[in-house]
Amino acid sequence: MAGTWLPTLLTDTPQDGYALAVKLARVAVKMTQADPTIREDLRTVYEKDAGALIAVSSVVATHFQTVAAANNYWRDR
Amino acid sequence: MAGTWLPTLLTDTPQDGYALAVKLARVAVKMTQADPTIREDLRTVYEKDAGALIAVSSVVATHFQTVAAANNYWRDR
Amino acid sequence: MAGTWLPTLLTDTPQDGYALAVKLARVAVKMTQADPTIREDLRTVYEKDAGALIAVSSVVATHFQTVAAANNYWRDR
Amino acid sequence: MAGTWLPTLLTDTPQDGYALAVKLARVAVKMTQADPTIREDLRTVYEKDAGALIAVSSVVATHFQTVAAANNYWRDR
Amino acid sequence: MAGTWLPTLLTDTPQDGYALAVKLARVAVKMTQADPTIREDLRTVYEKDAGALIAVSSVVATHFQTVAAANNYWRDR
Amino acid sequence: MAGTWLPTLLTDTPQDGYALAVKLARVAVKMTQADPTIREDLRTVYEKDAGALIAVSSVVATHFQTVAAANNYWRDR
């Protein structure tokens, strides 16, 4: 993860915030398994595993909480 | 997930907020497994798996926290 | 889940709030598995599975956080 | 769970708050599996299962967050 | 867990707060499995189980949230 | 974990905060399994296990919530 990949938690819309949460969930996986070939192999497995997909969704939910709070829930838009 | 699917976290009622939380839980699955046929196959499995159903409920609970906070818990209604 | 089942997050007592959290945990399961017969079958399995019971308790805990915050922790009672 | 078992989230000390969190984690199990004999059987299993013990600890942690917030983290004691 | 083991959530440093979070995660296990011999047996298993170690880390993370909030994130130090 | 490894939760950027969250997730594992050889063995297993990688990501997400809140979500940068 060289370079700047997370300059801010602020986004224009809730939907952009959700996309950021998905990104935040993926980065930790990349940092733990740096080899893109292995990650691709794992992906072919877990994208057909309901439990894994729900677990990914859970991580996204936690990050979305953070991003939503950072943006004051986009209340003032 | 083309187009706008999450314009706001604000809802009229707690019940609408809960429905939004369910939606938020499902979108991460769609973004990870884009193929609707595979998702449908997975669904026939996990909808009969108590552990998976409870895990889905857990993701909904996390998102409902976010939506409820965004709406100031609908206290002022 | 036709009709209004969640008019408010406010409850008179912490104990009522806990009961609401239990309800919130169950509704997501109902929304994912709409068939009551299948749910009843699953119940006979998971109510004898320690892991599943603890997982249910975890979902209740997350919802109770939300309900407790909504009620300002019933501090002013 | 007849009668009042949760009159308040307020406790005198953090330690009492932790004990309340343990209780809150257990009640959801009781509400899902009402039969004390079956619960006792399950207990003999999960109390020797590291994964189950860690999962119980996780539920306690979530409830302790709630109780600690309710008590303003016992800062003013 | 006789005697006072949790007099306060306040710590001098974030690092001390993290140590307290580790302690809070362990106490729930002790309260559920009171026999130190069985706990020692379980430990020899789970300390070589990646999934269990990650699960322990998850419980610590939840408690650290609580302790950090209690200490106002040690911002004023 | 001798010496000071967590002097503060404050970081200059969200990205630095994320790196700190990854560190916080790893420390609990180190504290539970102190032997670096065993940890290395475990790593070769879990870094090829999608479920374990997602679980690590979940722990990072919880710690990132804490670090982000500590930094007031880096809103004032």
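For clarity, chains are labelled A, B, C, D, E and F in written order, and residue numbers in each chain start from 1.
Note that in this section a contact is a pair of C-beta atoms (placed from the backbone, for glycine too) under 8 Å apart; a residue touches a chain by one contact, two chains touch by 3 or more.
From a predicted model like this one, the values you see are computed outputs, not experimental measurements.
Undergrad: Which chains make contact with subunit B and with subunit C at once?
TA: Touches both subunit B and subunit C: nothing.
Undergrad: Mind checking the rotation angle between the two copies, subunit A and subunit F? C-alpha superposition, nearest 5 degrees is fine.
TA: It works out to 60 degrees.
Undergrad: Per the centroid of Cα atoms for each chain, what is the distance between subunit C and subunit F, given in Å?
TA: Centre-to-centre distance between subunit C and subunit F: 31 Å.
Undergrad: When the C-alpha atoms of subunit D and subunit F are each averaged to a single point, how far apart are the two points in Å?
TA: 27
Undergrad: By the touch rule stated above, which residues of subunit C touch at least two different other chains?
TA: As it turns out, subunit C has residues touching two or more other chains at 49, 51, 55-56, 58, 62, 65, 69.
Undergrad: Chain contact topology under the given definition, line, ring, star, complete or other?
TA: It is a ring, because the chains touch in a row that closes back on itself.
Undergrad: Starting from subunit E and heading to subunit F first, what is the chain order around the ring?
TA: E, F, A, B, C, D
Undergrad: Which residues of subunit D touch subunit E in their complex?
TA: Subunit D residues touching subunit E: 13-15, 18, 22, 47-51, 53-58, 60-62, 64-65, 68-69, 73-75, 77.
Undergrad: Can you check the complex and tell me which residues of subunit E touch subunit D?
TA: Per the stated touch rule, the residues are 4-10, 24-29, 31-33, 38, 42-43, 45-46, 49, 51-52, 55-56, 58-59, 62-63, 65-66, 69-70.
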